[in-house]
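See the structures that follow.
Here subunit A shows up in two complexes: once beside subunit B, once beside subunit C.
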Partner chain A sequence: MKRQRSWWQLQARAAPYLFVLPFVLLFCAFQLYPLGRSLVISFYDTAGPRATRFVGLENYRYLLGDKLFWGALANTLYYAIAFLAVQIPASLGLALLLNSRKLKWRGFFRFAFFSTHLVGHVFVAVLFAALLSPRQGPVNELLSAILGRQVEIMWLTTPSLAMPAVLLAAWWLSIGYGMIYFLAALQAVDQSLYEAAEVDGAGRWAKFRHVTLPGIKPVLTFLIVVGMIGALQLFELPYVLFGGPGPNSRGVTVVMYLYLAGFELGNLGYASAVGWLLFVIIMGISIMQVRMMRMTRED
Partner chain B sequence: MRQTAGTSARQMRRATASLLLHMMVLGLAAAALAPFAWLICAAFKSQADLFAYPFLPWHDLRRLTLENFRVLFTREPFAAWLINSIFLASTTTVLVVTLSSLGGFALAKYRFRGRGVLIWVMLGTMLLPGVVLLPGSYLLMYTIGWVNSYLALVVPSAVSVFGMFLFMQAMRAVPDELLQAGRIDGCSELRLWWEVALPIVRPMVGAFTLLTFLGSWNSYLWPQIILQNEAKYTLPIGLANMVAVPEYSSDYGVLMAGTLLSVLPVMVLFFALQRDFIAGLSSGAMKG
Partner chain C sequence: MSFHLGKPIAVMILLAVVSGVLALRTPPVERADLRVWAFAGSHVRSFRNPDPATGVSLIGLYQQRTGRSVRVDQLATRALDIRLISLFMNDTIGDDVPDLAEIEIGSVGKFFRPPVDQVGFLPLNDLLERDGLLDQVVRARFAPWTKDGVIFGVPHDLHPVGITYRKDLFDQAGIDLAAAKTWAEFHEMCLAFVRYWREQGYPHRWALELPSSSGDYLTLMLLQRGINILDDRNNVYLDDPRVAETIAFYAQLVAGPKRVAGDATPGGHLWTQDIVRGDLCATITPDWRVGYLRTLAPALSGKVRLMPLPRFEPTDAPTSTWGGTMIAIARRAADTEAAWDLLKFLYFSNEGLRARQRETMILPPMRAHWADPAYHQDDPFFGGQKANELFIELADQIPPRYVTPFSVFGTQSLATVLNRATAYINERGADGLQEQVQRWLNEEAEHLRRRVAFGEFDE
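Moving on to the complex of A and B:
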């Protein structure tokens, strides 16, 4: 009897530690340790997993002087800004349409728009490589039908069209996804606020501006900040779509640059330096965005 | 008399507005789904017909063929990739959900030494882009001999800081009185987690499980670094490598058949569970 009680107390006392233990062990071994190692080897020149030579800040210095890196950063920023500039308003517009109480089959439409998000980046890239093929590809055929003359746009081999091609695929993938979040936010806006605004004689735009927008602002901020962080880490889509850097290296992103340097050329130290610089860039942009969203607060 | 004319005009206007709304949403939905429709059709067309007909050769449906699928399963180890993907995504998901819910339960419902530190360290790593870890992780895998092993895909992925926080938030809703009552009834702490806490957060478990499965199913970068022989590939790796083969890069039919079979399982899964899923996802978003 006594032994049983002491066992009972022991399990109650030890329970929280045992519950977090598996997580903590794996977290230390597979996140914290590799993180530290990435930081350390960013100060080394490496060739494959074995040969290393301490070089101090040389990797970072070389990186900041590499034109290809700046090109990759420019491509990535171009993509990220264009992506959000279309995705956010389109998702919100779609959510406003679907939020209408008059709409039938709402559940079906919600799933239809969301379903594109289920397709992984690699699969989207394979699909869009076919859709965008220059001769008789469906996208070109559609454009031909609209314009009334035969067009043969070389989507995947024209440097200036590299990122637009990636953007087309990315928008298709994520507009419905953003819509789900906006829809949830719209449905949570207090309906009595609309009625109060109507009593005050507010028109459609005034209601949107002063009731809807403040109500969905947390979700808006979330989608912009998280979307930006995701966009800055773009990799699979262009890598599979172009089978590498793309025409004139116009499809290279920062993460692709990291991947090529570390895992195709085998310089893991240099790749680590790229990763840490990307971290600094992401932090900087996120902080800036959150500040800006705070400044636009309604008084 | 005049009043009825007014109401019927208003009704007319309403009906027109509703019709316009439905046409617009239908049109947009058709545009969003058109690539899927094209994909399904392309998978069953021969190479000669692929671009010749926008969707299907309606005048002669006997032209449709299963040849693309035959090539996929006979000339490529596609069946193995499919099985590998199912195995890896399921194993990872079970591990992630178990560890995160157990850990999240402890963080939400117990006060214990080191809790605050753990939360702070976890928060700190959340801001790091995943790719920062890549070189260090690869070196670790090399050191312990896990390169080209599934252990490298499953074990490190079992850690989800996001999942821990999600469960920590959700488990706060579990009433302490309920746990206390369970203890008086002689439930061990582990059974409290399984029989009291988990059922309460069920909608969130569903959404998180699906999202984790989807993430693992679609993951490319890390498996691409780790896996080195074809028999071990997952669907994204196998398919991405097929694109690079000249023989297939001109024969989209086979690639489309592969894409279709890669996308279909998650589609069916989500469609079956969508009610739970969307409720869970939005409840998470509102708190976030």
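Moving on to the complex of A and C:
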């Protein structure tokens, strides 16, 4: 009897660990080990399966002195800031519009705006390459019709227009995605707060500022942080749109730089160093964002 | 009917069950004795499509003769590169590794960074010499597929380059473009062409297709002048004064008041339609591009002609080379002798070359085959001109092209300087351009040398 009880106690104690064991094993094998390994090889020069050479901090030193890397970082930050600056307000605006009960065909519009997100970056890049083509592209044709003369804007080959072209495609792709999150958040805001605000004589703007915005703040924070992380990891869109680094390397992002290091140069050690630096950058920016959000909440 | 977890979950479970059953019922892909990975549709067709005369495909014929089955997989270029690199980096052995793989010239550099004994492809020098094949191939064409004197691939092609132009539209403008022997003359004629059509109400009819911001066509012009941005030892020639001269000239073709060229419509092979519409009236064409014109722009038949490249200096070649493919044996292939046997059949046998001719008309790098009457016919697409004969004339003058892991960065540097040059012309005109281009090239060359010094693997 006593033996049976201790066996039961052992099982009860071990059961939670056994339940999490598959996840832990998979996590260790496919997440933790590769992470640790990539940190180790970031201190090596690698070429092929057996050719490795310890170089210490040399990969990081070269990386911080490479103008292509700084260009890639500048492009990525430009994209990330411009992307969020338009995506967040546009998504919120659209969500407010589509949350209105007066609007007919709401379901259709919600699906239509969200559907762009279903097609993926590669498809959108191919689509925008055609839309922005110099002579027969609908965008230039539309501009020609508006201006009354034929315009031939080289969207994809003019350095200063490279990132705006990527941004156009990215906004088209993700404004509907943000809208869905905001819609869900808006519907969760307690309606009685609006009624109370109305009783207090609050106008539209005051209701938005003092009821809506605090109500959707967690979603807003989430979208900004996730959007920023996604933007810092940008790769497929410019890679397919330009078929490479783009004019004057203006389409190179940090992840594309990492790809070039790993798969064009075949130096996984250097690519790992880029990856770890990107990790530090993303971590730093995310912590900063969350802290700023927390500070505004406390205010 | 109701399901207690709700309809969406029921649909998801149903889909999972159906796809699971389908996956289980799908018969496993038949294993072949030899596997080939290729990226080019036309090459795959030449391997797989039956010969109309016999009804047997090239790989079918090989199986009949040797008893060894062959599977040819077509993969997108990038997918093929990444998969192969991953296999090589992991030193994979076994069924995952293809026996033979075709690699595009723009991709091959990335395979050559490891020391020679660790490159994922099998060295072929001994095999080529043993079977007396080394001298059958135009020697210059081994250059891109060679590292430190070790040949890793057999070239599929030569890809000599000429210019295909809309003779009908140039004739209307009263211009005989083929008479241009130098690039300066060519530019003048193109200017006259653009002026003529502008007066006729065609402000966006350009004489030539040239990208305004990519370094690829510049690379081609530099090769014509015998300049590789990086040679096979990774020496950098970006700051050669002739590079500055070429960029300054090129920039004036695509920007400023003397502009004569326009960018092609991006995506797929839409450039062929630019030629059909007469938006772009001449295009630099290697033999493989002619194939696209024939297939995708039949409306051009009889309206176009082919001419050699004009030169910068008399010592330049009247041609260059653009694109290229090699076939290589994976070092970790299960049976490298069998793979070599298949390689010879696909690339050197009469049957292989005939199948290639049937699908692509791409000129092979084996001189002996150039006498084939098929390459000496009047070509109705070119208004009766013997276009392939011109390619053969140019083929022997193709300059060697080297590809290293850093070539992609060299081309990028060219593009950077070109972009700065076009911006300069648009703002200030062409005065002082070449000197300024030289300064930019010096900076870029310095960066490139640093990248090479850092990136070269020293054991």
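Simple rule for what comes next: the second predicted complex is superposed on the first by the 273 of 299 C-alpha atoms of A that agree within 3 Å, B and C clash if a C-alpha of one lies under 4 Å from a C-alpha of the other, contacts with A are read in each partner's own complex, and residues count from 1 in each chain.
Operating definition for what follows: contacts are C-beta pairs under 8 Å (C-beta built on N, C-alpha and C of every residue); 3 or more make two chains touch, one makes a residue touch a chain.
Only a predicted model underlies this, so the values are computations on that prediction, with no experimental measurement involved.
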Overlay on subunit A: subunit C relative to subunit B, clash or fit: clash
Touched subunit A residues, subunit B compared with subunit C: B
Contacts of A:Pro138 with subunit B and subunit C, given as first, second, both or neither: first
Which of subunit B and subunit C A:Val126 touches, first, second, both or neither: both
Partner chain(s) touched by A:Phe235 [first = subunit B, second = subunit C, both, neither]: first
Partner chain(s) touched by A:Leu268 [first = subunit B, second = subunit C, both, neither]: both
Which of subunit B and subunit C A:Ala47 touches, first, second, both or neither: second
Location of subunit C clashes with subunit B - one stretch out of 225-233, 261-269 or 315-323: 261-269
Subunit B and subunit C contact sites that coincide on subunit A, given as residue numbers: 49, 126, 129-130, 133, 135-137, 243, 263, 268
Parts of subunit A lying in touch with subunit C, wherever the complex brings them together: 45, 47-51, 53, 58, 62, 66-68, 126, 129-130, 133-137, 150, 152, 154, 156-159, 243-245, 247-249, 260, 263-268, 270
Subunit B - residues contacting subunit A, complex: 17-18, 21-22, 24-25, 28-29, 32-33, 35-36, 38-39, 42, 51-52, 54, 99-100, 102-103, 105-107, 110, 112, 115, 118, 121-122, 125, 127-140, 142-143, 155-156, 158-159, 161, 164, 183, 188-190, 193, 214, 217-221, 225, 236, 239-240, 243-244, 249, 252, 255-256, 258-259, 262-263, 266-267, 270-271, 274-275, 278, 281-282, 285-286, 288
In the complex with subunit B, residue positions of subunit A that touch it: 11-12, 15-17, 19-20, 22-24, 26-27, 29-39, 41, 49, 94, 97-98, 100, 102-104, 107, 109-116, 118-123, 125-131, 133, 135-138, 141, 172, 175-176, 180-181, 183-185, 187-188, 218-219, 222, 229, 232-233, 235-236, 240, 243, 255, 258-259, 262-263, 268-269, 271-272, 275-276, 278-279, 282-283, 286
Complex contact set, residues of subunit C against subunit A: 81-82, 85, 88-91, 109-111, 113-115, 118-120, 203-204, 211-214, 262-263, 265-267, 270, 274, 279, 405-406, 408, 412, 415-416, 419-420, 423, 447, 451, 454-455, 457-459
